[in-house]
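Two complexes, one shared chain (chain A), two partners (chain B, chain C).
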Partner chain A sequence: MSLEEPGPDADAAAVARAADEMEALVGEHVLSRDDHLNAPGYVVRPDAVQDVLGTLREEANLDHLSCVTAQEYEDRYESIYHLKSYDDPTHEASVVVPTPKDDPRSESAAPVFRTADWHEREAYDLVGVEYEDHPDLRRILLPETWQGHPLSLDYDQERPQIVPLREHANPLEDDQKADEGETMYLNIGPHHPATHGVLHLKTTLDGEQVIDVDPDIGYLHRCEEQLCQNSTYRYQIMPYPDRWDYISAGLLNEWAYARAIEDMADIEVPEYAQVIRTMGAELCRIAAHMLAVGTFALDVYGDFTAIFMYAVRDREKVQNILEDLTGQRLMFNYFRLGGVVWDLPDPREEFFESIRDFLDHLPGSLEEYHDLISANEILQVRTVDTGVLPPAVAKSYGATGPVARGSGVDYDLRRDDPYGYYDELDWDVVTEDGMDNYSRLLVRLREVEESAKIIEQCVDLLEDWPADDRTIQSNVPRTIRPDDDTEIYRAVEAAKGELGIYMRSDGTEQPARFKIRSPCFSNLQTLPEMSNGEYIPDLVASLGSLDIVLGEVDR
Partner chain B sequence: MSDSAPDRFRSDPTQVETDTRDARISGTDDRFNSKLRQAFGASPFILTKFDQFMNWVRGSSMFMLQFGIACCSIEMMHTYAVKHDLDRFGAGVPRASPRQADVIIVPGTIVSKFAPRMKRVYDQMPEPKFVVGMGSCTISGGPFQEGYNVVKGAEEVIPVDIHVPGCPPRPEALIYGVAKLQERIATGESSPVVVKPYDLEEFGDLDRDEVVDQLAEQIDEDDLVMRYNWADSP
Partner chain C sequence: MLGLDGVVGAVVGGLIGAFIIANVMLTTTAIAGPWAKRKITASFTDRIAVNRVGPFGLLIIVADAVRLLSKELIVPDGVDRPAWDLAPIVITFSALIGFAVIPFGSGLHLADPETGVVFVFAAASIASIGVVMAGYASNNKYSLLGGLRAIASNIAYEIPLIVTAASVVIFAGTLQMSEIVAVQRQPLVTFAGVTIPQWFAIVNPFAFALFTLANLAEIGRNPFDLPEAPTEIVAGFQTEYSSVYFVLLYLGEFIHIFLGGAIAATLFLGGPAGPVLPGFVWFYLKMWAFFLFTQWARSAVPRLRIDQFLNAGWKGMLVLSFANLALTAILVGVIV
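== the complex of A and B ==
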């Protein structure tokens, strides 16, 4: 990218040194090096996973297991653990675990990082790698009776499948009977107004208390990874990111893909386009946070009239601006590799006027939200000190975004791993220390203010941008074929947190593996942690405060 | 009884008719010129078949099921909310329970795990019920048609009355679709009921083949299942 590091050579040397230091830490287990574009990669034996990850976490401060990617090669399976540090996300490493074709077993990372639990279940479900010592290895996205692993090489898509519709048994019933306790089993969802989509919570209650909640996902598993693997880099993939986090957060998601492929294929982005991207992305963030706040209030008050409508009103304004910019209300498809698809709409003054208008009214509406929501005693009673998520727990589940920042984890990729135009602008990362539902709400409301600041600065810049320097897209070849076996994992700060993409090229114009690291997937994992032992209304509030979107959880 | 009693209880029928008619025509008493009256003509009675009347009522007051699946449901929410306000057309009361709803808008991609649940929700709605398919996903699977897990359109599972194309359709398009549905209901049209390719059946009733045999250990004979024959999908 055009705006990066002043002294690339010095940086590269420092990175290489750090990589060697890390290798020295776990040297005894390292079979070879398999460096990715973003980070050094260490190939380790399948039975040393826990040792290696544990050492790296303790000694090298790699305390964030961002993602687990599994894939099948002609001659082996491979699981990749993408590690980062919460203090400095540019400090990265990948742990690559190859397993043989006929016996794809490796040690589970779940005892070291709790987030690995779901990530490995997904790897097992879609690719077919088995993890030993995993607490509960079963399918997660596909129905339990599915036959075959759809992202493995020999999967037959034509094969008929049978999906049962059963009542779900109470998982705790047997133990409870012994001490004469009474529990009730409650299915929340997959069709339920409080689950924000098609999420299914298998909940076991004792009276009003939640004993156990087990999120059952996969009701919107739309095979996004497979479809991206069957599409070309240049044009066909870009429309899909809009549909991951579809709460108007499209541009933020598009940026995740744009960033990954631009770094992989070494594409420059003109500065002018970066400013437009930054502005559009922050508009999307406002729209997304507005809906999060509106539906959260809806969950807590059960009130479909006031606050929800206020939020939708403000979203409509943002959507109008975005529609002027991109041509669509929701599925923008506006980014292109190396820039954006078209310039700002004419007449430019009018467009800037409409944004300024919106920004002028924003403080007033935020005031209204604070009056109606955050200053409201009922809401405070419901949300303060409920759904508590301590920072250490949040980190071990790989939580990011407002969920992490609401627990005081100061982690924002826009600042810590800068891309676009963010590091040229003046804004702050919002954190709250309350660790509860209320803090997460406040973080979102305050982030809207910060986004407004960013947009304002972008508008100022764009207004004065010299007319002869408005390149919206750099020269990009018609077909893109990154070198064979290039691997990259890149993330951006989307509305819900760290949205990462892992890609491996095989020399063709389609990716050989396309893996999406969804922030909601990791964030949702914290729900049992926040809700077990609490009352059921608090469970609903916690779920609302996580602000998940099922399109992104299930992909 | 007041003194004017003889006046009020006139027994001459021609006089009564004349007075009433004069009152109506001159406009001194517009009790008879109600809105309905203006709509239906001079006769003080509405002659209609009961079912036509019911159709008109049904179309004018529709209870929607609150049912969100995917991206399209965001635009559906916007259709219900301020600015677009579907309620203006007598169709804006989302009900949380299928048992109280008579229209289901299917807003999104249907995947294998969800289709049996959606069928169950549809079955729980009381007759007569109507379906609006929102978005390309409910027509054909949309952008996800080639996915291994995606049902190629809502019509594989439940009958659909109105398809609203788009990805996502704009709120205006959804309103147009709903208005069209109201028109159809008011004129008594409904979609032909055909057997859907994917239905819920008991596992024991499936034809035995290799796929069924493999799953025989995991699924009970009387469990409800949905069988997807992907090779036959459009």
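== the complex of A and C ==
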């Protein structure tokens, strides 16, 4: 509960000053301080949430509601609003809202930050906190018929969740005919060629124009948070992140957990391992973006066409390199606390050669992509000025990653909140100002180039690394027990955006609360904003340009 | 034909001719659908495709036929029965009927009415009715959307298609298929001993381009495959069809592509004309060339959105095709 900011004392003092200034802004509402490792935390009354968040957003420039975490203690419920600034993500604050056990009701933040809509629905669904003034408080991940809240303390996991037919309220009404007007209700998904997984879009159409779309998620919910809460920090949690965003972004996800636990338990990572991590993560990013571009083209083209297969072909090369590095093609499980599991494969020259070979061919492939898609007039006609997401709306929904950068929001945690080896390397953050589907495509294609730059520099570094200084893991105790009631929220720039993890320790070797902030979850929320008023094909293209992975949305 | 005279001869000859043509087309489709399409798409997209069953994977045709025919025919609740059952048949046979007036060359020409061009377009257009029947009778919203798109695109693109064909008719001065082919045999220019024939694709490349585009839209291929549009409306009007009906629908689609190719070859590419090889072979190759063209478009060109597609049809193609018609009429009037 103390303010333990790593770094020189001067920095710590500055952070403490900033925290006090923020407290002064909302002082009247602050009951006490409950500082987290990453940010100052202000405890506020449940009826002052909107006031506090509104003031912090306007006065302290905390315009990014990154995540909402709810949890239950022995004596209370607690909702935590993790705030950040889009200009400087190291400028953070947590707003902690305790609610009594017998009446867990709290004011909703949805009128201030639109992203709170889904995040609070999830908190209600899994933990059981109720939010007043929420526009649409119902379950989001679990079925409507679910009994109880699985992450609450008194939840009985043994109790079967079998719902008799008569009680099973069909979430789809038998007859969706509108009383008046000429709209048509259409279920897109859960199984549909364009949903890239099991996503259900409840769509209202006027002819072919989308009047309203309501994404229904949760079909791929696998209790990832609870799985992590029942696992030990040291060994058992690391395999799970691979399964969130399983589109070959595994190392990026692993880094999210590695970063959070390493900051929490004060684990050093050797520089050599950081370079390997950086290289591996960027390889994953290329693989993920290749698939994103390929499937986006698939959505616009409409068939398994050339561009999709070309993208998969190039992704395959990355996959082979990653397989050489980690021994796995999909579920890498390569990171360890304090480093990576093993060194680069022998013979090293051959491995470097294969990476260089890939990097040499990459510009040619990208040229081909630009010829086939971004320079194609028909594709431009289809994607320019469709799925428009203005920056202000993107920020309000907590959009991150290529979605935010395609709307001109210059936000990239690799640069703004540096970790790993990124701040030592020479690369640029890609943004496009078009705000449309086309911009998001361009951002991804250009980010592949930047990732290639990073990988090349890492390979240069690794080639010249002295053989006697190749420490791949620091000394980490066999069991890790962070101090009781240590809380931390840490995020990394994953393939789809800001992947954050909140953890609270209770002095044991398992986290008491493990919350995943999935970038896709927040990004998907912007879909109605983009596609209302457009045609079905634009809706499909927008969905493709968001590049969601349902494994990460539903967790 | 076959030395038989009179009514009997006509009937027997007609039946034999129809038998030959239908079998040629069905065989072609069988090769094109399960095998050639896979191979062609694969070579566009860096793959190998079928190569396990038989030489070059050719026996996949048999395997696919067995697979498709042995599947359960699922009839969804609430389909509009006669219409739903008839639609695949209408789609397939309308395309086959069109071949009746197509001169395949080497004497294989079933009927040669004076209104051949009108007949072939009329026959081909019946397929649209089949598509609408399938879309409307399926009791499925995706099918309905596909059917609506089919109506919209057929109206928008059939007019430019036929108007462009009319410019050929003006040029040739006849609606009879054999005459149109004959006119194209005449030499256009003789250049260094090589005589270039008067193919209308060479005489008026602009009309040929217009016709090819409108033809793509008419047969519903990329970038105009809106009535099916997988990834948007699942499979459009075909969504609810399985087993034999599905085979019939696909058969109809492929025969329709080849009919499109046959019309383009007859009107613009000199029909069965060509050096050395017999006429029939040339004609067959021209149809396949068109098929190859549609597959190329499928692999490389994105699909238009429905409103953009209709805009291009009504505001672009229609105007251009009428301009082409007027220009051709004036030129023909001045020269002749």
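In this section, the second predicted complex is superposed on the first by the 529 of 555 C-alpha atoms of A that agree within 3 Å, B and C clash if a C-alpha of one lies under 4 Å from a C-alpha of the other, contacts with A are read in each partner's own complex, and residues count from 1 in each chain.
Just so we're on the same page, a residue touches a chain if its C-beta (ideal position, glycine included) is under 8 Å from a C-beta of that chain, and two chains touch if they have at least 3 such contacts.
As the structure is a prediction and not an experimental result, all values here were calculated from the model.
Colleague: With the two structures laid over each other on chain A, which partner does A:329 touch: chain B (first), chain C (second), both, or neither?
Modeller: In the superposition, A:329 contacts chain B only.
Colleague: Does the superposition put A:222 against chain B (first), chain C (second), both, or neither?
Modeller: first
Colleague: So, does A:230 touch the first partner chain B, the second partner chain C, both, or neither?
Modeller: first
Colleague: On the A-aligned overlay, A:426 touches which partner chain: chain B = first, chain C = second, or both, or neither?
Modeller: neither
Colleague: Check whether A:309 is in contact with chain B, with chain C, with both or with neither, and answer first, second, both or neither.
Modeller: After superposing on A, A:309 lies in contact with both chain B and chain C.
Colleague: For A:298 in the superposed arrangement: first (chain B), second (chain C), both or neither?
Modeller: second
Colleague: Who does A:150 touch here: chain B (first), chain C (second), both, or neither?
Modeller: It touches chain B, and chain C stays clear.
Colleague: In the overlaid three-chain picture, which partner chain does A:162 touch, first (chain B) or second (chain C), both, or neither?
Modeller: first
Colleague: Per the contact definition in the header, classify A:193: touching chain B only (first), chain C only (second), both, or neither.
Modeller: Both partners, chain B and chain C.
Colleague: Which partner, chain B or chain C, is in contact with more residues of chain A?
Modeller: Counted on chain A, the partner with more touching residues turns out to be B.
Colleague: Is there a shared patch on chain A that both chain B and chain C touch, and which residues make it up?
Modeller: 193, 304, 308-309, 313
Colleague: For the complex, which residues does chain A have touching chain B?
Modeller: Residues 142-147, 150, 155, 157-166, 190-191, 193, 196-198, 218-224, 226-227, 230, 239-240, 242-243, 246-248, 291, 304, 308-309, 312-313, 315-316, 319, 329-331, 550-551 of chain A touch chain B in their complex.
Colleague: Show me the residue ranges of chain C that touch chain A in the complex, using the header's touch definition.
Modeller: Result: residues 41, 44-47, 141-142, 145, 148, 222-223, 225, 229-234, 298-308 of chain C touch chain A.
Colleague: For chain A, which residues are in contact with chain C within the complex?
Modeller: These residues of chain A touch chain C: 184, 186, 192-194, 208, 297-306, 308-310, 313, 372-373, 376, 378-379, 381-382, 535-538, 540.
Colleague: What residues of chain B sit close enough to touch chain A in their complex?
Modeller: Going through chain B, the ones touching chain A are 66-71, 73-75, 77-78, 81-83, 94, 96, 108-109, 111-118, 120-121, 143-144, 146-150, 167-168, 170, 200, 203, 206, 211-212, 214-215, 218-219, 223-231.
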